[in-house]
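To start, the structure itself, in structure tokens.
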Amino acid sequence: MKIPVIVTVLSLSLASHAAAQSWTTPTDAQRCPSKWGAADQRGAGNHMKPETVLRATRLIRTGETFELGRALKSDMPFSVGRRFQMETKRTNMNAGANRRGSNEEIVFTEIGQVGTQFDGFTHQTIGDSLYNCVKVADVATRNGFTKLGVEHVGSLITRGVLIDVAALKGVPMLGDTYPITPDDLQQALQRQKLTLQPGDAVIINTGWGRLWDTDGARYLKTNPGLTTAAAEWLAKQDPMLIGMDNGPVGVTPEPDPALSNPVHQIALVVHGIHLLENLKLDELAGKQVYEFALIVQPLKIQGGTGSTVAPTAVR
Amino acid sequence: MKIPVIVTVLSLSLASHAAAQSWTTPTDAQRCPSKWGAADQRGAGNHMKPETVLRATRLIRTGETFELGRALKSDMPFSVGRRFQMETKRTNMNAGANRRGSNEEIVFTEIGQVGTQFDGFTHQTIGDSLYNCVKVADVATRNGFTKLGVEHVGSLITRGVLIDVAALKGVPMLGDTYPITPDDLQQALQRQKLTLQPGDAVIINTGWGRLWDTDGARYLKTNPGLTTAAAEWLAKQDPMLIGMDNGPVGVTPEPDPALSNPVHQIALVVHGIHLLENLKLDELAGKQVYEFALIVQPLKIQGGTGSTVAPTAVR
Amino acid sequence: MKIPVIVTVLSLSLASHAAAQSWTTPTDAQRCPSKWGAADQRGAGNHMKPETVLRATRLIRTGETFELGRALKSDMPFSVGRRFQMETKRTNMNAGANRRGSNEEIVFTEIGQVGTQFDGFTHQTIGDSLYNCVKVADVATRNGFTKLGVEHVGSLITRGVLIDVAALKGVPMLGDTYPITPDDLQQALQRQKLTLQPGDAVIINTGWGRLWDTDGARYLKTNPGLTTAAAEWLAKQDPMLIGMDNGPVGVTPEPDPALSNPVHQIALVVHGIHLLENLKLDELAGKQVYEFALIVQPLKIQGGTGSTVAPTAVR
Amino acid sequence: MKIPVIVTVLSLSLASHAAAQSWTTPTDAQRCPSKWGAADQRGAGNHMKPETVLRATRLIRTGETFELGRALKSDMPFSVGRRFQMETKRTNMNAGANRRGSNEEIVFTEIGQVGTQFDGFTHQTIGDSLYNCVKVADVATRNGFTKLGVEHVGSLITRGVLIDVAALKGVPMLGDTYPITPDDLQQALQRQKLTLQPGDAVIINTGWGRLWDTDGARYLKTNPGLTTAAAEWLAKQDPMLIGMDNGPVGVTPEPDPALSNPVHQIALVVHGIHLLENLKLDELAGKQVYEFALIVQPLKIQGGTGSTVAPTAVR
């Protein structure tokens, strides 16, 4: 078992990166209006066009599908303060001569932020300001947001690219606090002989997902993830969304102790790029499926900050 | 305004049909094991194979997508006893030097049975018996079902066919209790020059969906829908799922007053065919998009009876 | 039927009062520390002592009890954004040889602020400051407050005095926006030959409660209630709590359009006096029970802002 | 530390009792109509009369109150499938010139069956039959019960008697599965020089409550409690309610493995006697307060099976 040794080595590299990588929050003036226009609510979702769909579906050659979503259940790993609680309801028993019975369920959950989840733009702020400098106070209501809600996103179908950083490093799973750098991403792409294109769904495999069902406490405590530099490099590639097999997407803990998950801000607030979290990537990575059509249908939760989802990769 | 007149005529035709169409619930011996095998939990979901996906994606020529899902909100039409209630949660304010704020939402809802929804096989019974004669008492728990839960379904991608019965009848919307017959379906297909194939997603436009946002009370009170004869005819065509722009799929009220929504039983319990309800079909019907790739990703609610969804048609 | 006429007259008096009565929010320096000490969390609850209990129980001569609480149900009147939703759960059926069945219910509700309710001190603020100048930011968590929560209150047993202002005015119900003045309170007490004592539960009958079951929309739209002057006068009498047969306690709309329910602030934030709302007072008023033991047991909701309750008057 | 030794001895006595004590479920004919009449919905709540109140309040000599309720919080011990989840809601910030802020909370909980709780008669059945042979199917709805709901109970004020079985045995806490017998109860009463009277609130101290905050898992796993013989003996004394410092009231596990908590049935279904569970009795027992006024105000949950409560003893 060489994994612990490798983990140690990779973790050591963290220390040297930490000093270099710290990130300065852009001012409103620096980041607004967004490149999609001052009134824009869609951000990188604007990449979703008929030609984007065709670019994706052209990659479908075998019709094989890969489920990237986790089962929703009460004992899956949750960020602090979240849950998924469900009660079965039997609502009819033996109705009519046809003895029709009916069952349904009631749930209590942070529907936008549990399980495999898609982040919309109301999920994160810099101070009191959302994507495109929309002010929280202007759009927040008790029951959702009047702008930037996840109902505006629509179904997304685009070229998906899996960047397997764990494979690049020759490990099944990156170290507990491994910071993924721009170099890591570029080397992994080179190894996979792929380049990114604007509008892609960039999906990054860290191997961390193998803890989802086996060690939820460790899954939540820390995670390998993007450095701010890697997040900024990715943002420059102009993707539609960034996905990963952990919740924070950014490395946890963030190497700069003064910062609180800046990667979430870089993607959602600064650049208007959606995040896909807690993905199940073992099959894609195991079969080395690096290029595919990525399909995700966020629920149209009016004014919602995100949506639990069940995305699919098709090749 | 000729619509009321037409409605009256169509409603009159109901009376003559009613006597003829009544349906006898099959015994367990008559319907089990299902044609997919005694241990099967997937029913018509078994049609979902790589070649099914390819058959669907080959229909994608322009990359144009149509959103078939309704926005999820507290004031949409609900069947009795259901709701969608959401409270915004501000969970971080100005965390870190990067002043990260975070929002999420808590919901209380019948997640499998609200809005545009996908029905799994635990939703309906005949007496104490589900699809493939699985007994409710053997699989029901307080928190879901140990068999036949909607988490087994997976993403579905198949050829979608819109049967526009309203267009066949020359009306924007069928009458309030219009019973769709096998003849109606066959004539509409003939008019559209299409035939059904096993594994199709058969989507039926009644026009009823135009009441969703404008008159929820009427939307819920009655609805045009399938007769039991039409449901049985459709089942013989061996589709993967049946979708409609209303909730019950069957005509409401059911013409035979002794029966309680037998169409739900015919599809879900007897034949193992999924249902897609409360679809938004105005764009598809308006642009006469009759053949397309239908994509739907039910949430993987463990042990769930169904899932609210945001399906897409792509052509 | 003279009521409408009287209502008009009483409402006219509102206009003349409006100009005179406006209230200036005290500064933190003016109101803190509270008279109960800088570290105090109990406010007027400090009146609850053994001798207070004895003073109350000495008033019990017949043992007759009056239920002052409303039934909790989904269709009672709610302030905006609140609800009480309940689903029956059958959790056992025929367990054991003794065939034990078990039922329970799941609810989704603003438990501190629905139905007949008791207000704790975290319910209201002046700016970012609670009773005794505790700062919201210092004590608020996602799941309640670390100080001033309703769990600190304990059961209250004290002398209750019903001030029947409707009876004073000779009407079954005060006008829709009738502003109760200090004079009204004093005249009503004189008419009832009673004086207030420190630590009393002062319960005010406006007759508005008769709308609870019959016209919830009107019940919520406006209500007769205290002017700020009356609230300040009451506060000077040093009661343990103030109760009323409406939700806001203050007259609604507040006559000074610049202010938002200042009476709630006067009681809860400035003086640390609890409020009891949506009381059922018809029996007490009908039988002219003006002095009694008032008993209320707020639920010990940890960190809660209040509690739905079922108080009792005993004489 | 002698406790473990004593526990062992007491537990051994269990084995000898087990064979003797088994209980036969009465038939409907044997138990109905109840002694309170065929249409009765109040059971032993019928003891609540003015003279009962006076009998209780006459016991109040010092005005000292004892809080018998536990704080309601998400990490208290719960029976399987229950929870108390609360989210703080900030619903106003700086409204008006008076800068009024407002907070409330949303909860998701089995409101009738969490924390210190009062059991109504719809909580338990024998087969499909409730107290007084009301059939579940006749009164159960999705949202509560149309008969026997806890809203009918009203506030209860009666003589309370603490039977301290732990003190009788000379231990701070009875053994994990200690079965309380009729002899135990009678000897404890004799030791305390008290006799029971019809209509009493009989509160039994086992000491088990000291685990509530310190070892919730052990608190729930087993508990000392009544044998069926002790429950039947108590029922013959005709109390208004039986209270205890555990959840099941009956000893757990029930010595007869064929039976599922028969003590719940004996009290609630057979004899119509209410139960008060998870009481905090340490202060009462510590100060040897054996006779007092017991006051409990169940929430008026329409159609509810019970209510979380905050009862008080006053002496």
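Note that the chains are named A, B, C and D in the order they appear, and that numbering of residues resets to 1 at the start of each chain.
Keep in mind that, in the parts below, contacts are C-beta pairs under 8 Å (C-beta built on N, C-alpha and C of every residue); 3 or more make two chains touch, one makes a residue touch a chain.
The shown structure was predicted, so the numbers you read here are calculated from the model rather than taken from an experiment.
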- Enter the angle, 0 to 180° in steps of 5, of the rotation superposing CA atoms of chain C on those of chain D. 180
- Same-site or different-site touching of chain A by its copy chain B, using the half cut: same
- Please compute the C-alpha centroid of chain A, do the same for chain B, then give the distance between them in whole Å. 29
- Distance between the CA centroids of chain A and chain D (whole Å) is 48
- So chain A residues touching two or more other chains come to 81, 87, 89-91, 106, 108, 142-143
- What residues of chain D sit close enough to touch chain A in their complex? 83, 85, 89, 91, 108, 142
- Residue positions on chain C within touch of chain D in the complex are 23, 25, 48-54, 57, 60, 62-65, 67, 69-74, 81-82, 86-92, 94-113, 115, 122-128, 136, 140-145, 151, 154-155, 157, 258-262, 264-265, 295-306, 308-312, 314
- Item | Residue ranges of chain B touching chain D (in the complex, touch as defined) | 81, 87, 89-90, 106, 108, 142-143
